[in-house]
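So, here come the structures, one by one.
There are two complexes below, and they share chain A, which is joined by chain B in the first and by chain C in the second.
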Partner chain A sequence: MRTLLDIEDLVLKFYTYEGIVEALDEVNLNLKEGETLGVVGETGCGKSVTALSTLVLVPTPGRIEGGHIFFEPGDKRVDLLRQDESVLRKIRGKDISMIFQEPRVYLNPVYTVLDQISEVYMQHRMKELCKRAIAEIDNEIKSGKASFLVEFDKSMFKEMLKNPKSSVLKVVSKIPILNRYKRRLERMLRKEVVEILRTMEIADPERVVNMYPHELSGGMAQRVVIAMALACNPTLLIADEPTTNLDVTVQFQILNLIKILKDKFGSSILYITHDMGVVAEVCQRVAVMYAGSICEIADVMEIFKNPIHPYTKGLLESIPLPGKEFKSIDGTVPSLINPPAGCRFHDRCPYAIEICSKMKPKMVEVKKDHFLRCHLYVGVRK
Partner chain B sequence: MDISSRWQQFKVSVSPTLKELRFTFSRIKQSPISVIGLAILILYILIALLAPVLAPPLPKRDPYMIPQESYIFMPNPPSEDHIFGTTENQYDLWYGCIWGTRTAFRIGFMVVVSSLAIGLLIGCVAGYYGGIIDELMMRFTDIIFAFPGLVLAMAFYMAIPDKVTILQFGEFNWTITVMTLDKVLIALVLVGWPSYTRVIRGEILRVRTEDYIEAAKAAGCSDFRVLVKHVIPNSIYPIVIMASLDIGAIVLTAAAMSFLGIGAQKGYADWGQLISLSRNWIFGNMNNPLAFWHVFLIPGIFIFTFVLGWNLLGDAFRDMLDPTIRRR
Partner chain C sequence: MSALVKTVELKKYYPVTGGVFKRKIAEVKAVDDVSIGIKRGECFGLVGESGCGKTTLGKTIIRLLKPNGGNIYFDAPDDVMEEVEKLTNSDPDSERLKELRKQYDLSTFKRGKLRRIRSKMQIVYQDPTTSLDPRMLVKDIVGEPLVVQKLAKGTHVTERVLEMLRKVGLTDKQLYRFPHEFSGGQRQRIAVARALIVNPKLVILDEPTSSVDVSVRAQLLNLFTELQKDFGLTYLFISHDLSVVECISHRVAVMYLGKVVELARTEELYKNPHHPYAIALLSAIPIPDPTLRRQRVMLTGDVPSPINPPFGCRFHPRCSKMMEVCSKEEPRLKDMGNGHFVACHLF
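Moving on, here comes the complex of A and B:
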C-alpha cells in the first residue's frame, strides 16, 4: 500500500515564560492509504499537537524546529512544513480535514448548521457546484421551462468558473434581481448539506440545517462536525478524540459511523485517543506515544497480544476490567520543560538499565511492521 | 413557468426569512420596556418624516431655519399661532422641535456610524494582528482618552477650518464651506471612536482564541475571511448595543455643546440650541418663577424622551441579534 502521510523526525517546542517545552521530540509516523492509524498516549503527551502540526496550525508560542511532514495525496509528494500559506489553505479542509474533541465549541455560535457546512463547500468545491448549476440550467432550457433571465445566470456561473474573484461578480452579487443566480446556488448548497447530514444518520436533516450550534445535542453536534470534515471527501481525516465527551451509546454510534464513512469516502484516518477500547474497535495500526515521542508502532492485534515496550505494557495493564487487580504505571508524566535525559520513560520504567538514562534509543523494526524505540529490546536481541 | 407557480416558489424561498422576522418581533413583544422604547422611536421617526406636514416651512427658505416672528427678546407663551409658544428672539418652538427631530437623528446616526466604522477598522486590525501595530494604535487611543471628551470636542471644533480648499489649480479653486453643525459632527466623531476601538479590540482578543476560529482555519479559510466571517460577527454585539445607547448620548453631548455656544448657527432647528436660547429664562421673575416654563421644558422633554427611547431599545437589539439569546 502507498504511504499517504509520512512524518519524519518532527521536533516542536513551545517557548513559554516558564521555559522551553519540548513538546515533540523526533516523532516518526507514517500512514498508508485507506488505513486507520490510532495514536494513543496519556494526556499531554503531544497527540493533539502532532495532529495540529500536520495541518501546520501550531498554536503560538509553539514552533516547529525540524523534521518533515510529507503528504502524498495524488502522485505529487509535498512537504507540508515547507509550503506557502496559500497552498496550505487549499489543502486544509479539502485534502486534510480534522474532527475536534469538543464539537460544540468548534462550531461558530452565530451561524446555522447550513451556513457552517456550506462554507466548506464554498471554500473548496465551488467549481464543481458551478459546473452542476450550468448543467442544470442547460436542462431547463432544453425542457423549455426556463425563463429569459436564466441565460444571464448561466453566464454568471461561467464567470465564476473562470475567475471566482472577478469584479463583475462582486458587483452583480450586490444588485437585486440580477443576483438571483445566488439563490440557485443556495438551493444547491442546501440540498447538498441535507444530503450529507442524512449520511451522518441525523434524523430530520431538513430541520437540523436551520438550527444553531447551541440547539444541538452533543452527539448531533459531533455529527455536524464530522459532516463538515467529510464535506470535501478528504484523503486524510484527523480525528482528535472525537468521542471523548460523548456518552457510551453515542460513542458507539459515532465510531460505527466513522467506520462506515471511511469505507464510503475512502479516506485514511489518523485517530487520536487515549482509550484503548476505541483503538481496538476502529484502528488497524496503533502508535503509542509517550512524552513527545513515539515508542511503539504495530498492528492492533500485535500491540494487544505482544506489547514489547514497557510503557505499552503498562498502558495495557492499566485498562480496568472486572475481576482484574487494578494496576497503574508508577510515577507521573515528566515535565516536558526539563525532560529526562536519554529515554524519556526511564525513570518510570521497571526494567530500566544503565544506558536508558544516557542515550536516546533509536527506532528499530523488531518484526515486520512492528517498530520500537527501546534499548531493552535491542539489548536482549544482542 | 406561469406566474402563480413562480409566486409559490417565491413564497417558499422567503418563508424562512419571514419566519425569523416574525420571531424577532415576538421576542421584542415579550419585554414591555423594549416595546416602549420602540414606540417612542417610531413616534420620532414619524415626526421626522412628517416634518414638512406638521410644520410647513416658509417658501424659498432653508427649512431647517426656524421662522422668526419679530426680534422681541422676551419669549411668548403658547398661543393659537404658536402651539408651543416662542422662545428668545421669537423663534417658534413648535417648528424648532419638529425639525429638530431630523437634526437629532442626523447627529446621532452620522456620529455613531462614523465612529463605529473607524472603531471597527482600527479595533479589528489592532486586535487581530496584535504586536507592535496593536501597541501603537492602543497608545494613540489612550492619548485621546486622556482628555475630557467635551473639552477635546470643543478643541477639535475650534481647530476645524470654516473653509477647506480641496483643489487649487491656478484660477480654479474648489473650496468647501464646512457648516458649523458639520464641524460639531466631525469633532464628536474624532472624540467618539476610541471607546468603540477599545471594546471591539477586547472582544476580538477574546474571540480570536476560541476553538471555532481554529476550526475555520483548519477548514482552509484565509485570514481575511476568518476575520470578516467568523471573528467580527461574534464580537459585534457589544458595540451594536453600545452604538444604540450612544445615539441618544451623542444627542445629549451635542446639546451640551450647543448650550456652551458651540453648535449650529443661530436659528437652526436643533434641540440643543433651543435649550441654550432658554438659558436666560429658566428663572422667570419674583412673582412667578415658572413664567417661561415652556421655553426649557418642551425642548427638554423632546431630548429626554429621545435619549430614553434609544436606551430602552439597546436591550431589544441584543435580544434580536444574538442567536444564543434569541432562541431561548
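Moving on, here comes the complex of A and C:
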C-alpha cells in the first residue's frame, strides 16, 4: 500500500511563561492509503497537537522546531511544513479535514447548518458548482423554458469561473434583479447540503438544514461536523476524539457511521482517542503515545495480544474488567516543561534499567510492522 | 441484608418558566416514580445516558433537592420498614404512619433536622476542579465538614484531617496546599477525603472517574473499594461508563428518561439483560478486544425531550419490539425472580 502521510522526527515546543514545554519529541508516524490509524494516550501526551501540526494549525506559543510532514495525495509529494499559507488553505478542508472533539464549540452559534456546510463548498468546489450551473442553464435554454435573464446569469457564472474575485461580480451582486444568479447558486448549495446530510443518516435533513447549532442534539451536531469534514471527499480525515463527550449509544452510531463513510468515500483516517475500546473497534493500526513521543506502533491485534512496551502493557491492564483487580500505572504523567531525561517513561516504568534514564531509546522494528521505542527489548535481543 | 435507603415512588420535577410573569408553563420530569432500595454495605450502580435523571435522583436521595412527591426512608430498622409497608397498603392516613415518616422519611425533614442528618450522607462530585474551592487550603477544605457539623474543634480538626488524608493516599506535606497544585486524580482524592471525614453511612459517587485518565481511573476505583471495606460504606455509584460500573457495583439500575427500566445484580444484568433499552445500551459498549465480534443492537434517533415524554412506555418510539399496549399503558417494575426487576410489557 502507498504511504499517504509521513511524519518524520517532528519536534514541537510551546514557549510559555513558565518555561519551554517540549510537547512533541521526535514523533514518527506514517499512514497508508485507506487505513485507519489510531493514536492513543493519556491527556496531555500530545495526541491533539500531532493532529493540529498535520494541518499546520499549531496555536501561537507553539513552534514546530524540526521534522517533516510529507503528504502524498496524488503523485505529488509535498512537505506541509514548508508550504505557503495559500497552498495550505487549499489543502485544509479539501485534502485533509478534521473532526473536532466538541462539536458544539466547533460550530458557529449564529449561522445555520446550511450556511456552515455550504461555506466548505464555496471555498473548495466553486468551480464545479459553476460548471454545473452553466450546464443547467444550457438545458433550460434548449427546452425553451428560459426567460431572457437566464443568458445574463450564464455570463455571470462564466465570469465566476474565470475569476472568482472579479469586480464585475462584486457590483452585479449588489443590484436587484441582476443578482438572480445567486439564487440559483443557493438552490444548488442547499441541494448538495441536504444530500450530504442524508448520507450522514440524519432524519429529515430538509428541516435540519435551517437549524442553528443550539437546536441540535450532541449526536446530530457531531454528524453535521462530520458532514462538513467530508463535504469535499478528503483523502485524509483526522478525527480528534469525535465521540468523547457522547453517550455510548450515540457513540456506537457515530463509530458505525464513520466506518460506513470510510468505505464510501475511501478516505484514510487518523483517529485520536484515549479509549482502548474504540481503538479495538475502528482502527487497523495503533500508535501509543506517552509524554510527547510515540512508544509503540503495531497492528491492532498485535498491540492487544503482544504489547511489548511497559507503558502499553500498563495502559491495557488499567482497563477495568469484571472479576479482575484494577491495576494502574504508578505515578503521574510528567510535566513536559522539564521532561525526564532519557526515556520519558523511565521513572514510572517497573522494568527500568540504568540506561533508561540516560539515553533516549531509538525506534526499532522488532517484528514486521511492529515498531518500538524501548531499551529493554534491544537489550534482550543483544 | 437490610436496606439503608429506600425510595418509594420518588418524584422530582423541574419547572419550566416562561411568559411575562415567569409562570410555570411545563415540567421536566427528571425523576418520575422511582422506587429503589440500596442495601447496607453494597455498591449500587446507576447507569443511563446523559439527561436521564441519574444525578437528580442521587441529589434528591440525600435531600440536596426537595422531591415533588414520594418518600425516602433512610437508615430505618427492618421492623420499622415492614410496619411502614404494611401501613401504606392498609391504612395510608393513620397517625402511626405519619409518626414513622416524621422519624425516618427524609422527604418530610426540615432545616435543623436535615442538617443533623447530613453527616450520615455525603456526595463526591464529577469534576474536582469545580467542586473544590480554589482559595481554600486542603486543610480547610477537608476540615470544613467537621467544623460545620460541630464534630471537632481546634487542633482535633487538623488531626482528623491528617488521618483522613493518609487514608486516601495523600501525604502530610500536602496539608497546606491549594487545589490547583494537585493533579486531577489527587484532587478527586481530596474530594473523597472531605466526604468521608464525617463518617457517613451513604456516599453518592456522581461520575467520580469521568474527568480522569484511564491509568488514574484504576487507582481511584481501587481506593473506592478499599475505603468501602475499611469504613463499611454504602455507595450509590452514578456513571455513564458501563464498564466501570460492571467492575465496582453489586447491583445496577438502568435509567431511561427519569424511570428505572431494569434493576438486577451486576452479573445478571450484564449477562442477561431483558429490557430492550438495556440490551441496546450494553451492546453499544466498545470492547477492548479486536478479535471479538458480537451481535449488536443499534438504537436509532435521539432521546426524546423529558418535557414531553412519550405516553405509555417512554422507550416505545425507539423500541424494536414495540407492541400496541406500549403506547397506551405505562409498564411497572416486575419481579423476574432472583432480584431481577424489569419494567417492560414484553414480560
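Everything that follows uses one rule, which is that the second predicted complex is superposed on the first by the 382 of 382 C-alpha atoms of A that agree within 3 Å, B and C clash if a C-alpha of one lies under 4 Å from a C-alpha of the other, contacts with A are read in each partner's own complex, and residues count from 1 in each chain.
Rule of thumb we're sticking to: a residue touches a chain if its C-beta (ideal position, glycine included) is under 8 Å from a C-beta of that chain, and two chains touch if they have at least 3 such contacts.
From a predicted model like this one, the values you see are computed outputs, not experimental measurements.
**Student:** Superposed on chain A, are chain B and chain C clashing or fitting side by side?
**Tutor:** In the superposition, chain B and chain C stay clear of each other.
**Student:** According to the stated criteria, A:R125 is in contact with first (chain B), second (chain C), both, or neither; which is it?
**Tutor:** neither
**Student:** Output check: A:F100 vs chain B and chain C. Expected answer is one of first, second, both, neither. What do you get?
**Tutor:** first
**Student:** Which partner does A:H309 contact after superposing on A: first (chain B), second (chain C), both, neither?
**Tutor:** Touch partners of A:H309: none, neither chain B nor chain C.
**Student:** Just checking: does A:R92 make contact with chain B only, chain C only, both, or neither of them? Give me first, second, both or neither.
**Tutor:** In the superposition, A:R92 touches chain B alone.
**Student:** As a test of reading the superposition: which chain, chain B or chain C, is in touch with more residues of chain A?
**Tutor:** Touched residues of chain A are more numerous for C.
**Student:** Touching A:A280 in the superposition: chain B (first), chain C (second), both, neither?
**Tutor:** Second partner only, chain C.
**Student:** Pick out the closest CA atoms of chain B and chain C after fitting on chain A and give their distance in Å.
**Tutor:** It is 7 Å, taken between the nearest C-alpha atoms.
**Student:** Within their complex, state which residues of chain A touch chain B.
**Tutor:** Per the touch definition, chain A meets chain B at residues 55, 57, 59, 89-94, 97-98, 100, 102, 105-111, 119-120, 123-124, 145, 147, 183, 210, 212, 214-215, 225, 228.
**Student:** Can you list the chain C residues touching chain A in their complex?
**Tutor:** Spelled out, the residues of chain C in touch with chain A are 49-50, 183, 185, 213-219, 221-222, 225, 240, 242-244, 246-248, 266-267, 270, 280-281, 283-292, 296, 298-303.
**Student:** Quick check: in the complex, which residue numbers of chain B touch chain A?
**Tutor:** Answer in residue numbers: 1, 13, 16, 210-212, 214-222, 229-230, 233-234, 323-324, 327.
**Student:** Going by the contact rule at the top, pick out the chain A residues touching chain C in the complex.
**Tutor:** Residues 42-43, 203, 217-220, 247-253, 255-256, 274-281, 300-301, 304, 314-316, 318-322, 324-329, 332-333 of chain A touch chain C in their complex.
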